[in-house]
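Two complexes follow with subunit A in common, the first pairing it with subunit B and the second with subunit C.
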Partner chain A sequence: MKLNAALTFGLIACILLVSAPHAEHLPLWISTVCVALLAWRAYLTWGGYPLPARWLLLSVTVACVLAIAVTFRTLFGREVGVALLILLSTLKLLELKAVRDATVLIYLSCFIIITNFFYSQSIPTAMFMLLTLLVIMATWVHMQTGTLALRPRLRIAIVLLLQAIPLSLIIFVLFPRVQGPLWGMPQDAYATSGLSDTMAPGSVSKLSLSDAVAFRVAFNDTVPLREQMYWRGPVLWDYDGMTWTRGNNATLRQPTLSDTSLPVDYTVTLEPHNKRWLFAMDMPAKISISAEMAPDFQLLSRRPVTARTRYDASSLLSYRASLEEPPQQLQRALTLPQGYNPQARRLAAEWRVQSDSPEALIRTALAYFNQQEFEYTLEPPPLGINGVDEFLFETKKGFCEHYAGSFVVLMRAAGIPARVVTGYQGGEFNELGGYFIIRQADAHAWAEVWLRERGWVRVDPTAAISPERIQNGLSSALPDNAALPFMARNPSEWLRSMRLNWDALSNQWNQWVLGYNTERQFAFLTRMGMEEITWQKMALNMLAGIALLVGVFTLVMLRRLAARRTDAVQAAWLKVCRKLEKAGLPRAPHEGPMDYAARIAAAHPDLAEDIYDIAARYASLRYGGEAEQDGLPAFKDAVRAFKL
Partner chain B sequence: MAHPLHAVIAQTEQVILGKPRQIRLALTCLLARGHLLIEDLPGVGKTTLAHVLAKTLGLQFQRIQFTSDMLPADILGVSIYQRDSGEFKFHAGPIFAQMILADEVNRATPKTQSALLEAMEEQQVTSEGETRPLPTPFFVIATQNPTNQIGTFPLPESQLDRFLMRIQLGYPDAQAERGLLAGIERRDLIANLKPQMETAELMALQKQVRQVLVSPALLDYAQAILRHTRESARYVHGLSPRAGLSLLAAARAWALLDGRNAAIPEDIQAVLPGVASHRLQSVQDVHTSDGDKLARELIEAVAIP
Partner chain C sequence: MIGSFRQKFRNWAFRRTVETGTVVLNQRRIYILPTRQGFAFAFVLVLMLLGDINYNLSLGYVLTFLLATTGGISMLHAFRNMAQLEIHAGQIEPVFAGEQARFVFHFNNPSSLERHQIHLHDDDGHHVVFDLPAQTSTPVQFDIPAPQRGWLDSGRLTLHTEFPLGLFHAWSYIHFDVRCLVYPRPAAPQPLPAAAMQDGNGKLPTRGDEDFAGLRNYVAGDAMPRIAWKALAREQGLQVKQFSAFQGQELWLDWSQLPDIAQERKLELLTRWVLDADVQGLMYGLRLPGGDVLPQHNAAHRAECLRRLALFGGEE
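== the complex of A and B ==
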């Protein structure tokens, strides 16, 4: 084992590959310094120059640590830990002197692999890390074997990785899982885009530009129509003339549903969004995880959703919701800020006089949206203080939040209790996986009005202006040149199906690899026939499985070794060699018997006769074609008699 | 049983001083029915060695001095029109001899070189549609100046492979050189040499070489060496199967020369520098061709199974 240029380049490649994904979130200066240090190291190796002096390395290290302390204002935590680890590993390359340093670097590279999964656990990350691991293993094999060429080196590395697969499968399946996600342990508030609990003009249309997945839904049997898929999120009551907010519910009473029919059961896999709300279709009736139901039918989890969460829910498509809404709540649903939007109020007052029932008034309002020159657009012009007035009578261009917001203002002004509901609408069906993908681009806002006999009734003014949005999705409702996320359009059938297949694969990965939690583990093990599962039992099974596998591997290897050792002639010869080795005259691996005998004879003339005799017998048996039954006993006797 | 061979060696060593290993390798090559390439500076005794061997073994000897204006016909022979009989008559070239010294083979053009090498390989000459066998035994000693000298066409690797061995003579040590300088003129010595062996005897020995035993254990070792050259990052290419065959043939001949009827690892190690050095190329220094050093490294890198 010697350090040579090829090995050093291998180690540089290891550190480079394993740190590369971190460049995405580390401060730019750290990435730059690392690349510069690696390039410097590569240059030194390439030119065969000496390594930098100790004092120089030390001062660079101190400067780096200080700079990290200044940048992050701490030396503790995940982000800082990763930054330190990468910088110091890179610096370690610059003091690569002994084989021991190379070993340390190999281990460090393996450790940095793990840190990458703090940030991303997707399939591409896993594949890239597997490739990196292969490079690390190949470098390690290189270190151990010296001059082996690249191809056999890679072959050994691949064989080692393949051998590790059954072991890692056993550990994956049986290792007792802790509750909650391991990676989420240090609670870092990473920003994810998603619905917020306020709504102002532009807040939903901004989301429409993101094709990130919000959640996925698999229906158990009945699949509702697309226009029935209103995924309920935050319900907004309070309006200050500009922004809609949730406010405080005036009641703690559980909402009631009556005259229900058309139940739908489904499973939601929600991507983490750092907020408490869970999404379910209008109107949610049951949910499998512990969550509270707000009086406005909003589902809230106990803690913010920081990890991918899976739950079963059932909804009722036909219902009468909260027929007995307390008067304080209804009063909230009628409140408008004083002094804003006089024109809208006047229009609503006119409608109220003309209409003989609230239903008729709602129809009038929808007809107004439908017949006036309203336009559904992602880029509405900015609005001033009396935003609703400007929108309704001047600009007439808006996205769903404009329509939902102004509709609720009109209703409230006309004396009908109304509120804004935000969430998602529709979704894309993945045929391969048999589930719907709901993306951020599907974000939507609609209205609910309270009618005496029917309770809260959903009214979607967007449907009056742009029915295509509700029936076919966003892309069909917008003009072709509107800026849309690449994925929300239907670029080509081929690309679309590629994307859906990929999503189906990611979904399986999410469900079975990342989502393999305590619950799934228990379910899986029960199906495999394990009874009364406890973590002790799992741990024991795991250890037994590992022991079994290691045992099998050992047996195979021992048998291979045995095949080499059973040669009695060779065994006797090796015995002589061991005797001489103890006397300080070891045989070099490449030394032939006659050469060895000559060397021994030169060193110990008294042994010359014996050793020449033994070597000749050995050569004759092993190479001279002498039959074992003829020569072996005498050879063995000679070996036994041989003494120093 | 190898007595006549001992006499051959002894007589050769009287003329070529201080080179016992090279003499044995040259004889090994001859016994294994291979051809020998000697690569060294002018004046270290390449030609003398060939001459002495031919004389001592009692073989017909022809020396061909290669030059850059030489044509294949100058080696193989040519058919000339006979005015009186009205027929073409083949005039055999210098290659029709039992032992050929192809001197400075890398001075000739590739075309001429390949004519020689084809004749070596086939042991026959085809000219104007007629195939004529070359005499047996047939042994070529080619000499080559170091390839970085001016005015040479270095033999390509594929041609080098046709030679069973390549050896280098090197400068004699001080004692041998003293003997050389003080002694009688080599030319006179050669003239007085007596053949030590009948041609039939030599051919019988060649046949005997083929019967030297190579045990499975030794095949394992040979294969380990071949595999190492193919897997190691030290060499540009690994040794070919033909090189493997050559290695075993040479090891057999070496064993016979040593008076044994079975080859042992030491035989392989003894011939490996000659057999492998012109077939291996180090990755690190392509230009220097210290094949012996490379072969030594190779021996030390492979454990005897």
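== the complex of A and C ==
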């Protein structure tokens, strides 16, 4: 079959559709080159010009591969693979002559679709996949039929896809899942923003501009107050005058919790963030996946979280944490870099003299923040070397990292062991889904101080300046004109509920489609009433389901095959013929109605009048162009009245 | 060796007798196997599945399963594309050896479903592709070269389709009881023999130049003076004038009068003469060792003469 223009345009559309989502993360020049090459091919096809010479294509190919090698500094890896695949299939299109080769392009297109799932597997991506598949199928059918018009081609493609959807649903549910990876895991799962394990002024407020979801939490029964929702992330001990870091724990001793009460159970679905830490509410006691608990109550996964991860955790809202903290650790929690922030140190020393207990000192410090007209803002002025001094005594404008950092500096200077805890605070409740969404904008930093009788106690200086931040979230704590992510602002109620409904849908999608792993599969099948699940049993059920469905399809499709258009005129005429056949006068295959009537009339003169009448009516309806609604009833009556 | 074994196997596996009347393609006559492209597609799917497992791509699973089931269901479509077709063989006009025998098969598609890209081919690679609109009977002409005179059997023909995706090859065999009568190849133009006179002296007369008998197409080797220049001027192409001395007389084309040449050459020569005599409107008869055809001049007579020549020495 010849490769005609329409088919070529179809193939161009396929390549364009499968490559388009990659434009987002591929270097701009690759997208530009691909579009240019496709446009070139379209122009050649449109004008009926010959394809470019082989040497020209070859040099373009070599140049592209070299450019990719230079851009990525390697020719291996996933990103490079995707770039090469897209470029080479585009170039293949430029040398495509035979329809047979077009099959290769179709297969390549299917393969390129799947590479897009490394970057996104959201609902819109799935919809786009279906659209792309439809175009690919229509082109594929075109390849086989050549001249068929677009509309019937599309119809065939749609029928194929519509039949495939329920079948693949069965397979999706029942196909025994193998827990990957079979070989090396991808290192760069998703490019993300998220908390880091260092904190400097500006590092948390930068996150407040992102309304990307960090994780979602569904509580099993008790839902704690918003003020209690401190989602614990990296704990920072070491301070160099500018930046807080995690440092190295001086002990391997497991942290202890005593006098605990108010347990809360919940399920976290954590978005991939490429770091090891897992989030749980203060203070975590149990977690359902394998993770280690650092001496400062920080949960660390064994591997960086590169895929969406779901875990059950339980926390205790009331506790005494690590009453027996080893002295080396307490020493770490008192260390300050020498020579920085003299004013703050003096202030802390004064407070220490005035206060008769650590609790009193903490109250003094919080009162200081509360009464000295500190301002809670996303855009604090930049700070110099003695950042804490400048912040406390001059600018007095800061975000939570400023407050948490300077509070811990003050505490350490006053002789109270203290550390910075980063994480998220609060969350937005989604009523439709019954879960909380914790976004990057909810990133927060607070402090923990160690008191002899109470262990580590959480102190949130931000709450002293801006209690609304803790109770109602960021948007209520900031002035109206602050730059905030779309969601954090309170837009119209309608938009807001739309967004929340969409998130609930995405969450279901994440949980049931994207998160459908071995565990989920077992849980689902058990709920569906399957007992003692083995992969053999699943495979059998799968085959049975497929067989059943294919059987139904076959029946429906072949029924349509047998369905002939009922032709009333023909049916009535055949009735007469059958009557005569029974009487021993069958119509010969070559005999027309009038000839037949003449033969009958000759054999049975008594029937002559009737049979001539019927034959004449039949001929008139069939060949004479008489409209059916005019002649049919009379014809039928005549047939009914005809008796031997 | 292997080829003949394969042939034997195929004859055994797909044993079919020669059929008459109307053949309906039912499920027992249609075979389906994946094509090479089908296997390649399966390989691509396996690669995709490995990727899905390794990278835990749930949407990848969805895509892989969608493609796999689409491919699978296309088997059903390939089958349906051929199922319930009604086929019967049509009338076949005789041809001369060296021409193409034009077998005609009537494909009736009684369903409300259009059939696409049905291929009909024989084992020697002759091939025709066609579509069948819904509720229509479509005549399909299938040309097979007819190299020698006699009966030409269409042989067993294969009907196949790879619609809609080319992943599956659905096929069926049809072998109808139809044959094409192949007349001998007409020899190069030769002057007609002189009429066998009533007295039957058997002498071959010299070229009859007496009466203009008509025009025939020029063949290389014709004498220049015989070319009908006037006809050429009338833009009727290059033709030569034919003359006959025997207008109104009976002409016997007699096997026994021919010079001593190979049997097939004799038949070819006689065929040429039958054609020329028919064109010239002569009353001619054919005298063969097996029997005579009495002189006449009409289309049926011509057909009968040619038929006798075609089947000479063989069975009826």
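What we mean here is this: the second predicted complex is superposed on the first by the 517 of 644 C-alpha atoms of A that agree within 3 Å, B and C clash if a C-alpha of one lies under 4 Å from a C-alpha of the other, contacts with A are read in each partner's own complex, and residues count from 1 in each chain.
What we mean here is this: a residue touches a chain if its C-beta (ideal position, glycine included) is under 8 Å from a C-beta of that chain, and two chains touch if they have at least 3 such contacts.
Just so we're clear, the structure is a prediction, and the values are computed from it rather than from any experiment.
**Student:** Go through the superposed model and pick first if A:558 touches only subunit B, second if only subunit C, both, or neither.
**Tutor:** The answer is second: A:558 touches subunit C but not subunit B.
**Student:** Please indicate which partner A:172 is in contact with in the superposed arrangement: first for subunit B, second for subunit C, both, or neither.
**Tutor:** Only subunit C; A:172 stays clear of subunit B.
**Student:** Touch check for A:505: first (subunit B), second (subunit C), both, or neither?
**Tutor:** neither
**Student:** In the overlay, answer first, second, both or neither for which of subunit B and subunit C A:595 touches.
**Tutor:** Touch status of A:595: first partner only.
**Student:** Quick one: name whichever of subunit B and subunit C touches more residues of subunit A.
**Tutor:** Per-residue touch count on subunit A favours C.
**Student:** If you stack the two complexes on chain A, which partner ends up touching A:63: first (subunit B), second (subunit C), both, or neither?
**Tutor:** After superposing on A, A:63 lies clear of both subunit B and subunit C.
**Student:** In the overlay, answer first, second, both or neither for which of subunit B and subunit C A:544 touches.
**Tutor:** neither
**Student:** What is the contact status of A:148 with respect to subunit B (first) and subunit C (second): first, second, both, or neither?
**Tutor:** It touches subunit B and subunit C both.
**Student:** Examine A:161 and indicate which partner it touches, taking first as subunit B and second as subunit C; both and neither are also allowed.
**Tutor:** In the superposition, A:161 contacts subunit C only.
**Student:** Subunit A residues touched by both subunit B and subunit C?
**Tutor:** In the superposed arrangement, which is not itself an observed complex, subunit A uses residues 148, 152, 564 for both subunit B and subunit C.
**Student:** Residue numbers of subunit B touching subunit A in their complex, please.
**Tutor:** Contact set of subunit B toward subunit A: 213, 215, 217-218, 230-234, 260-266, 269, 299-305.
**Student:** Applying the document's contact rule, which stretches of subunit C touch subunit A when the two form their complex?
**Tutor:** Going by the criterion above, the answer is residues 37, 40-41, 44, 47-48, 50-70, 72-74, 76-77, 80, 83-84, 110-114, 116-117, 131, 135, 162-166.
**Student:** Can you tell me which positions in subunit A touch subunit B when the two form their complex?
**Tutor:** Those residues of subunit A that touch subunit B are 6, 147-152, 564, 588-595, 619-620, 622-625.
**Student:** For a test of understanding, state which residues of subunit A touch subunit C in their complex under the given definition.
**Tutor:** It is residues 103, 107, 110-111, 113-114, 117-118, 121, 125-126, 129, 133, 137, 140-141, 143-146, 148, 152, 156, 160-161, 163-165, 167-168, 171-172, 175, 178, 180-183, 185-186, 307, 513-517, 550, 553-554, 557-558, 560-565 of subunit A that touch subunit C.
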